[in-house]
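For clarity, chains are labelled A, B, C and D in written order, and residue numbers in each chain start from 1.
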Amino acid sequence: MPNILVTGFEPFEAARVNPSWEAARALDGREISGARIHARQLPCVLATANAALLDAMAQVEPELVLCLGLAAGRADVSVERVAINIVDARIPDNAGSQPIDEPIVPGGPAAYFSTLPIKAMVAALRAKGVPASVSQTAGTYVCNAVFYGLAHHIATQRPTVRGGFVHVPCLPEMAALLPGAPSMSLETLIYAVATMVETAMATEHDIKVEAGALH
Amino acid sequence: MPNILVTGFEPFEAARVNPSWEAARALDGREISGARIHARQLPCVLATANAALLDAMAQVEPELVLCLGLAAGRADVSVERVAINIVDARIPDNAGSQPIDEPIVPGGPAAYFSTLPIKAMVAALRAKGVPASVSQTAGTYVCNAVFYGLAHHIATQRPTVRGGFVHVPCLPEMAALLPGAPSMSLETLIYAVATMVETAMATEHDIKVEAGALH
Amino acid sequence: MPNILVTGFEPFEAARVNPSWEAARALDGREISGARIHARQLPCVLATANAALLDAMAQVEPELVLCLGLAAGRADVSVERVAINIVDARIPDNAGSQPIDEPIVPGGPAAYFSTLPIKAMVAALRAKGVPASVSQTAGTYVCNAVFYGLAHHIATQRPTVRGGFVHVPCLPEMAALLPGAPSMSLETLIYAVATMVETAMATEHDIKVEAGALH
Amino acid sequence: MPNILVTGFEPFEAARVNPSWEAARALDGREISGARIHARQLPCVLATANAALLDAMAQVEPELVLCLGLAAGRADVSVERVAINIVDARIPDNAGSQPIDEPIVPGGPAAYFSTLPIKAMVAALRAKGVPASVSQTAGTYVCNAVFYGLAHHIATQRPTVRGGFVHVPCLPEMAALLPGAPSMSLETLIYAVATMVETAMATEHDIKVEAGALH
């Protein structure tokens, strides 16, 4: 049976949970589209997150990788289009490190596009009643770094694997402490991740529908 | 057994459901804090909504009234502080009427404050993990009109009844059609309404905690 | 020659200037629509701001009063519709006082509507290229308190005077320190205040155009 | 005397002016830091904008290129970090074309980073009282396409030239028609562009200060 790797992050900043990991682990072991989900937690540490991802890929030997991360302040499931080769950390990571304008992979390409069918995934989510959109930036912190590391590894070592990154909103209990922050329930989130995996497994070529930004 | 009236609105604009009514009807008949919940749907019609509310109050004879309405674009359960004596309709209501700068009750006071313990309700919601805040404006449309009509009826006819208004976010399936709109699951919403009713029943005098706005 | 009183506030929080005062004082002494502008600065102190306003009114004997205040985070000139009889201070004022849920005038009405032609003012501003809108809440801090104090004084002591409140955005140099905050240049702001005074002097009855909020 | 090329766009959508061009042309012919500014207008047309840019570069032979574009809805001068090799047009361009997920340069790298000192430029703007920030995405429309075209041309043909892209807010008269949109006066904008050119001429290596995004 083919394998699918779904990663989430450990909590960071003041939060005690991270919805990206809660959603991933809820699906661990589940069979979707004839493949087995394997969930792994990544550290919110710039220096080690990508090594942990590569370890997980070596163990799981996935044909599809979906990395998840928290985007406090975003209202929907946002499927990332592109990873850029830079770290510019607005706050220190969980190891206290805060690099500024360092490449993730020295000498690597400036960016990689997701190899997941991002627009088909957004369309499937919306059709099932889950708020979702394509995002044009994954930021410049650990999430973008893992997305870039994944894409670089795929491009240079595992050309048959497909992978990408998705940002998710706060859980309601997190937003209750951040007045004004939008949220999404864990149930909706788990359903969203399952839907995205299913869509990615079923979609070889992405659909051509508009999901751009004027600026 | 004492009675509690919880109202929600029928759908309006393009929407097929209204979370305010979905949450109200889910609690219909339930017993909370030794009182019975009675849910009633109000029309999204400026000319008839308040008459429908008074009919429901005459039938139910509640000691507590909680009116709910949809606020597409708000991210949390927002407990309204004040109703103002004006209708300024940005769009036509479900009967096609769009009054501009008309009083809800000609000759009535300019405003009424909620007689619910709004800050205790927000504190209870947050403590239970539900995003919530105090709102300083209920707008100038049907929601504000019902809130004002309720408060005027209480002030002039039923001084022992307590009542107020709460705006709720879109459901996820509504936000899926409104890219960027925050949402809240129906489960969370039902839990929020039950929590607010319980808190209002248990709290005679509101707590003094800051929940203001600089502007 | 008739007199017009325009007030602005002293700086508060970390800011060194307050655009509401900069705009007011730039117009001090100017003649508009056959009337003389008198600018006065009010303290950002809940206990004394309204007494300072009444002193200024006693000195100036205005037929029109336009009070201005800063709304950091708002993008346009926002003309306030209604003042409410409550103080709920999110931060301490310049005297270190932070009342919670206290009336501005004990026993006073819950609210007053502006007696300025708020919609004609917004229409005139937009026609002249100045971003503007009607606002449904002036908050619960010093701005709202001065607006309420003004309206209460007019209603109870000076029924022939007209008056209201307008919130203005940050100056660019303030927004430069608050990443993400919108701003408006002082030149535009001065032009906006002159336009509003002129419109208010020329407009006895406000125009009926929609400027409401759904929630 | 060295030459500097500053480009702006023709108006698009319903607007009659484009602040990016108004700011550029106001500086045409001016001498800054011992170099001459040459302003050129680019069409808001995906198929021809980059050819027009290359023509202008061939004529002007600049050592520095600053391309400007409008970002309706943004509140500050936003200095773009990265251009990506994709067009995903949310609306048709001025020629009626709306490509979806097409590369700007087939076979080109996925992205280019700005070769301007983006953080020094933002620091200089803020120090002079102009709201500014680093942006992590230039969108997927004509602005991003010109930025990518410029960067590709520099990387492959003119390695000694430096260039980048900056998004600017609406003018106040545009925001007056778009309620809620932030704006910036043309005077501030012209001052901002002059400041950025001056800073770019004076700064060989960008400063290392944090300007990242968590997501």
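Details
Convention: a contact is a pair of C-beta atoms (placed from the backbone, for glycine too) under 8 Å apart; a residue touches a chain by one contact, two chains touch by 3 or more.
Computed from a predicted structure; not experimentally measured.
Identification of common neighbours of chain A and chain B yields an empty set. For the pair chain B and chain C, the fraction of shared interface numbers is greater than half, so the two copies use mostly the same residues to meet. Centres computed as Cα averages put chain A at a distance of 47 Å from chain C.
Distance between chain centres (mean CA atoms), chain A to chain D: 30 Å.
Taken residue by residue, chain D touches two or more other chains at no position, since every residue touches fewer. If touching chains are joined by edges, the resulting network of the protein chains shown is one closed cycle, each chain touching exactly two neighbours. Every pair of chains meeting the contact definition is listed here: A-B, A-D, B-C, C-D. By the touch rule above, chain C contacts chain B in their complex via residues 69-74, 81-82, 84, 86-91, 98, 100-101, 109-113, 119, 136-141, 143, 167, 206, 208-215. The part of chain C that touches chain D in the complex is made up of residues 75-76, 125-126, 128-133, 172-173, 175-177, 179-185, 187-188.
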